[in-house]
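Got a structure for you, written out below as structure tokens; questions coming shortly.
As written, the chains take the letters A, B and C, and residue 1 is the first residue of each chain.
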């Protein structure tokens, strides 16, 4: 287990007490992409900040390969991408990556990282001139300095245009191929579906369920029998049975995996 | 371990602050800092010239009082202050007179300079040339020049009778009898006071006698 | 320590490129221009205006950089949320605060040195005036360190504007403190002892100010030259500790 979270609780003590996390437990296997899904205000960012070593939990235990995420050793084992990242505005992309490598005391692999995130051409422009997608990508590059085994990304796809999303998704897929473990949060379930091996659904500071998303669970099958169009939801185990049945009696029009609606899952959890 | 550094730091603060309390520092000499040049002040103060001029005058007087007993009295500053005050408000005659009187303490030439500046603005005021004449006579022991300035004063309206009589006295001392007689004669024909006319007539006759003796 | 210095160089680069250069340049130009205008507008010992402007300008940089730049460092990053990146680096809070303070110190150093050189060149026609400028620059650097430490403390507690204001107020309080102390001592006021105790907390900025002594060539206690750095560095260490404690307790 590369990351273990045990019964983590966190309450913000401001003017109004907010119970952000009400006891969450998770564990990540090496080499998987883990999605962390929930509506806004579910406590996703709070948990990510705790894993990144920025915020201390009130109780519970977090360990990255047995190290505390707050210790320098623990921090060196993970790369981090904050939500809506902002950083030094007056450094160029190349200077920024060199600076991060310097600060972390890691070898400089600036050119490799710039190539990986596709920012070679913009490397010598100041970061304040970057578009949002470019900023996201330079910050992704920053998280990869020193080759950490665990990557923790907070909403890496939010606020990007479709092209930007596609680029970031490609990078995350590439990371999986390299054998990295990626833990990322999102409030959009389609993104998670496309990328992850497993996902945890969280709402109101509680984990609702963990889904295996490698294979879709349900399919929607539409078919013609005697000129009439039927639409039916079919479980994966019974899919082939159904297909044979339709072939004998009529014509298949469409088979597609049923989209998982976040609302549905949340409702399921609440029930 | 890192926290241990706080102990010497706190001790350092206490030690240095205690030492600061002990250190006595010399006071810098009370200084006038900067005296603005009058022409710039005049532009800057717009319609409040009189007030600013009075302020500068007051500053000059305080400065004079504070430094009067010092050996190295920087009177140049004093002149600059009066100069500024009178440039800003040149219609305040008293400022010129006051400055001239105070400046005589150290440098009478600066007094004369100030009075000459005053004459540019107040060409009909007899007190300025009279004061210059007095300075030449009393401080510089130069009756010839004193006479010329008293003479000038005696041609301006409002002067008291002692002005022409002093002018003639200084001319006489300098040996210029004709000029001495002319000054007295001018007063004799312009005044309407019979008693004065009688006195001046006697003086003129006495001087004419002296003149004849000298010329013979 | 090496990593803290690396971090501080990055922060310095970031801030120095962010109009700070123009800030220093325009402020120097303004001071220069005003010393020429003043020289023209007033009557006095030639060169005195330039001397005054040289020393006062150096002090101005030592005060303006903490008030306008250092006081923004942490609070601005919290507001822009760019602090998360720095917090996610494997550093302690005290190294992060120290790095920011060092970056501020570099800016103060560069501005003081460049302005000092300029002032030296201006005074050169009247007099070769080196040692007073160096002594004053040296003390001003430590004044800058002291005020910057306060600025960082305010910056990690409150917002950008408030921390700039608080830094300025603490400077004002510090610069009037000595006068208040002397008055209360003369009048035998019981406030004197209270003020003396407050003096351990409030930065006494008058000790960094040897301007009258330097300009009028008066004697001054040479021990100020090593006491002021001790005071400044000790206070900076304590303030760094307080700021990092506060920052670690803040729920960002």
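Just so it is clear, contacts are C-beta pairs under 8 Å (C-beta built on N, C-alpha and C of every residue); 3 or more make two chains touch, one makes a residue touch a chain.
On a predicted model such as this, the values are computed, not experimentally measured, just so you know.
With contact taken as defined at the outset, chain A and chain B are each touched by C. Among the chains in view, C has its Cα centre nearest the centre of the complete protein Cα set.
Between the Cα centres of chain A and chain B there is a gap of 89 Å. Taking the mean of the C-alpha atoms as each chain's centre, chain A and chain C sit 46 Å apart. With each centre defined as the average position of its C-alpha atoms, the distance from chain B to chain C rounds to 47 Å.
Looking at chain A, no residue sits in touch with two or more other chains. Those residues of chain B in touch with two or more other chains do not exist in this structure. Within the complex formed with chain C, the chain A residues making contact are 12-14, 49, 52-55, 71-73, 75-76, 80, 82-91, 95, 99, 102-105, 139, 142.
The touching residues of chain C, counted against chain B in their complex, run 38, 40-44, 49, 92, 94, 196, 199-200, 204, 207, 212-213, 215-216, 218-221, 223-224, 227-228, 230-231, 233-235, 237-238, 241. Remark: chain B residues 2-3, 5-6, 8-17, 19-21, 23-26, 28-29, 34-37, 40, 77, 80 touch chain C in the complex.
Across the interface of their complex, chain A is touched by residues 2-3, 6-7, 9-11, 13-15, 17-18, 80-82, 84-85, 87-91, 251-252 of chain C.
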